[in-house]
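Below you'll find a set of structures to go through.
Across the two complexes that follow, subunit A remains constant while its partner is subunit B and subsequently subunit C.
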Partner chain A sequence: MNIVRKVQESASGDLSILAKKTLQNLLRERITKLAFACLILILFTGAIGPLVAPYDYNEQQLTADGQLDRYSPPSADHLLGTNDRGEDVLSRLLVGARATLITGLLAGSLMLVLGLSIGVTAGYIGGQTESVLMRFVDFMYGIPFIPFAIVLITFFGAGFYTTIAIIGLVLWRFIARVIRSQVLQIKQRPYIMAAKASGASTPWIIRKHILPNIANMAALFFAMGVGLAILEQAGLSFIGVTDPFTPTWGIMIRNAHQSGRVADAWWWSFPPGIMISLTVLSLYLLGRGYEGTSGDDEVVV
Partner chain B sequence: MSRLRYFAHRTAITVALIFLVASSLFVFFRLMPGDYSSLLVQQGMNADQIARLEAKWGLNAPLHEQYVRYITNLLTADAGQSFRHNAPVWDLVRPRIINSAILVFPAITATYIIGSLVGTVIGRYRGGLFEKSSIITVSVFHSIPDFFLGILLIAAFSQTINIFPTSGMLSTETAVMIGGEPFWHRFFLKEFWMHYALPFATITLYFMQYPALIMRNSVVEVSNQEFLHYHRLKGLPRPALLRKLMRHASLPVVTLYPISLASSISGLVLIEIVFNWPGIGRLLVDSVLARDFPVIQFVFLVAAVWVILGNFLVDLLYGVIDPRVSVGNDNNE
Partner chain C sequence: MSSDVPVLELRGLEKYFNTSSGLLDTVKNRITRKSPTFVQAVDGVNMQLWENQVQGVIGESGCGKTTLLRTLIGLYKPTNGQLLFHGDPVSEFTKEEWKEFRRHVQIVFQDPFNSLDPKFSVRRTVAEPLEIHGIAYDIGQIKEMLESVGLTPAEKYLGRFPNQLSGGEKQRVAIARGLITKPDVILADEPASMLDVSTQAEILNLLNKLTDEFGVSMVYISHDLSTVSYICDKINVMYLGRVVEEAPTKQLLTEPKHPYTQALIQSIPIPDPHYERERAAVGGEPGDPINMPAGCRFKNRCPERMDVCDQTPMDVALSDDTNRTVACHLYYDHSTEKTEQAQ
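Let's turn to the complex of A and B:
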């Protein structure tokens, strides 16, 4: 049943129709609808966050009598209070949204491009090329990500784009593996055989038949990749090996934890933690929603 | 016969991978800016010590000889000398490996046992509010970054209601008191288990999602299979029926277990930092801050071997459980 639908879709070959249908299927469930709305809201925050931040994120706030306003709880002036250096937490959260989301989107795109090219090449070309590529993927799976990133950053120095590059260049591996096995199945379908028999070139078949068939899955992996990238970036920020001058959500949690006042200055560490969790959860629920509509197998990152 | 060949093939690949990682590390650490011996001088070693080290590691020899010596030294568990502690790297790392292992193995194992039971229950009561809310609960715990989950638990259980200690493995006084005893002595202390509880709970909650959801899917799938209807019609009592169901449904979870063990090393680094747990993850971060290169190099190798062995275990399990893997082809498709 599923296959029939996919054949029809690929025959129509129109990506925009496919995307619209997938979205419609997705939004039928209430919980995925909620996740989708949440995600749009978060992206919107990232887009306008730095513009609507009430204060400069690095500005040290002073109380009426000229003292540094440290650890002040949420109030009308500072909706999420201030931190150990007297900075406005809400402003840092809003500015951090953009940095965090850009990391997620860029690293997620890098993962998708690498995973897709290697997965499709290995799956479609086959033979010796496939063995070499998949051994390479095996090798990548042997890399423990966080330790690897720590060591690399020690050598090349911490930087905003360094973090993105390291995440993207390592974590594409799960995409390559699953896309390859998917392409292996699609390759066996009659219309591809027919296209081959009628003399279609490999790039043409990949563009017209393979890519439209894995477009849904690629979108799912992009969502999961973005979530994964945000989690890993937060982790690296927490360890303290990312650019310390970009106020990402992970760095906020790190500072709060290091001050040892997580529980009594809850307004400082909870908002960034909750934002990361919400973003990842929304992406994750969308992914599950997709699995529910397409009947595809569980994906393990 | 072909199963034997499959195992031999996977073993060869695993050994080759470990070798490849060790070699890459050699190249990487030799390519890095600065000469190795000038680094040693920076670390405050005198000429005599350096000469001895250079002789042992052949630092003046051509690169290929250095490489051979590096590999042979590694094979005898000699990973060099720590800059920071002026002690053999292996002596420094070994207790840390034990500390990490006693945290992560029981925690992941417990996750899988509890997770499978939760997944079975979810799978048996399908289509209701219970199913939806349980799935969302386990997903929420997996969406909270593991280190933040740890911080939340500390905030709740050690800073707000004062039950558990915030960090470390033992208090300093106790550590000094039992300093001379073998490492397993601490397992008899209540204090150790109090320190153990929160990191253990963090790992368990965070990783619960995989076994629970996969067990649920598997239970749903197996429930619809005919052999179960047959057993039910035959009049098999419910507990026995459930046991049969779970045995069949647990296959995917069993193969996922070593994958989680392998991949847990990354999360472990973060959890060890949050809880100040003296394992290899914290050793790595501390060594990075101190630029203690021999330790960094070796800890990274340990982490890589950990992951590779985990993946190897998966391959072996596949080979045992699913005969199709070892019969048809060698590529583990």
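Let's turn to the complex of A and C:
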């Protein structure tokens, strides 16, 4: 219908204005700008990494005399040297970027979806529903993550997506708590009451008023969720309960550790560690910057 | 629309809030056989709002004005009593009828700074009630409404967000949002109290003009007698959940009957430093709405207190004017009441 389309157009117009404004606010601070640039670069690496990698990530390199080229330090041929099996570290790092980022984004999205739905439902509906849901969140907080993950992985077998699912299904708990408290705050605002008074249904209010107003918070916690997922995945890789054949950064550190030459072959063990820290740091810094900008578009009396 | 039925009518409307909050309290009350305590925020209010009428409700903070308003719009469910809309009780409304009711009864809030969604542009804010009710509209209609609330040129305001508007402009947008569905009744909850004085006058004039122009009735709630008397045809004075006096504005101001109203009117500030006025004879603080004393609720502060005040006073229509009632023992003959009760 004509009108429906028009309404949608105007809505997207508003949203694009808001998105632009938020981005502008976000990039005002230099440190956030830096984090943003860094993150874009990492995402870009994840997108094109496997294409620009100089060698196949699991191709064993040979020296001129036909020997396996193990533990060779950085050189023109191998910018980050080779590892114990003679594989090119740079190629593995570039290919690993994609797997690591996919883990982070997928697990982060899963956390966000679960945390948002439980948090918004509990916060908006309240009463018994809230009690039950929030006690469930408390219960989830009681789960020690690493042992729980190890148990589950022994059940379901180590796999790339199993790890993502486990991270997402357990670590949404902190998002649910924060989102609930935000919703509790927002649902008392008079504009929600005004919408209710003009006859808006609960789904309408949640979609049009609650979600846009917690979007800042949700984005912040999505960023933190992605960072957390990458960290936890690295941790699980390190103790050896993830798929060892997908070269994530965590797996690279594990391999280096297992070879017993972490200290000698620094070109092998340091880069993935630095990449993990850099990714998580920029995500958190971006989140912090976002938190700083979220408050100034509304006057709370 | 038939004009022999009031647009909105309240019959003995009551709204109590349970003070015990959790499951534990409820269980404790069950075991100790204590009845749960209630806040009697609104207790037996009768009111009739006719077409094109502007009625005021005044009273001090905490007397139940806002609860009354929220009950009127259906945000709270009344504990007892009836709310009739064009003669139909809203308690028997179906979902569709509720939606229709919500379209015809709109609200303007006290706080313009929080009553607009910060993520909604002016255009979306004003269009939202229409979208909720699935009414087709075009942008011209929105512009027209913005212009009639004094936001000219409308184009300039359409794409703005609440943080780009002043307090007065926000309140105008809120009024436009209220009027866009062509309601029968506007409920205004102190719409001017958070604005500065010059803006207050503008908003009041605007409301005055618009209620005439669009032919809507309005319930105007405030603690400020001077704004109420400026805009209303009829005033209800509320004290601790009850309407103690109801009279046309002029009569109420010139000859208040209830001791509480008298005190209120005496305390309207007069901007003349040489004017010697009588101090209001009312001291103390309003009672506790949880443990309400029996009888007249004003008795502990009343300068005219009598023995009979321990009984609940009736709403009596004053003989000289049928449009006027007062709930005070001073104004009726108790011997006739007793004989009536005996019969």
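As a convention for this text, the second predicted complex is superposed on the first by the 280 of 301 C-alpha atoms of A that agree within 3 Å, B and C clash if a C-alpha of one lies under 4 Å from a C-alpha of the other, contacts with A are read in each partner's own complex, and residues count from 1 in each chain.
Criterion: contacts are C-beta pairs under 8 Å (C-beta built on N, C-alpha and C of every residue); 3 or more make two chains touch, one makes a residue touch a chain.
Bear in mind the structure is a predicted one, so any value in this text is a computation, not a measurement.
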Is A:234 contacted by the first partner subunit B, the second partner subunit C, both or neither?
-> first
Would you sort A:262 into first (subunit B), second (subunit C), both or neither based on which partner it touches?
-> first
Pick one for A:213: touches subunit B only (first), subunit C only (second), both, or neither.
-> second
Scan A:56 for contacts with subunit B and subunit C and give back first, second, both or neither.
-> neither
So, does A:151 touch the first partner subunit B, the second partner subunit C, both, or neither?
-> first
Who touches more of subunit A, subunit B or subunit C?
-> B
Would you tell me the residues on subunit A in contact with subunit B in one complex that are also in contact with subunit C in the other?
-> 298, 300
In the complex of these two chains, what residues of subunit A are touching subunit C?
-> 3, 7, 10-11, 14, 17-18, 189-191, 193-201, 204, 208-209, 212-213, 215, 296-301
Which positions of subunit A touch subunit B when the two form their complex?
-> 31, 131, 134-135, 138-139, 141-148, 150-151, 154-155, 181, 184, 227, 231, 234-235, 238-241, 250, 253, 256-257, 262-264, 266, 269, 273, 276-278, 280-281, 284-285, 288, 298, 300
Would you pull the subunit C residues touching subunit A in the complex into a rising list?
-> 73-75, 98-99, 102-103, 105-107, 109-111, 113-121, 123-124, 127-129, 131-133, 136-137, 159, 161-163, 174, 177, 181, 194
Within the complex, which stretch of subunit B touches subunit A?
-> 13, 17, 20-21, 32, 132, 135-136, 139-140, 142-148, 151-152, 154-156, 159-160, 210, 213-214, 217, 256, 259, 265-267, 269-270, 273-274, 281, 284-285, 288, 291, 296, 299-300, 303-304, 306-308, 311, 331, 333
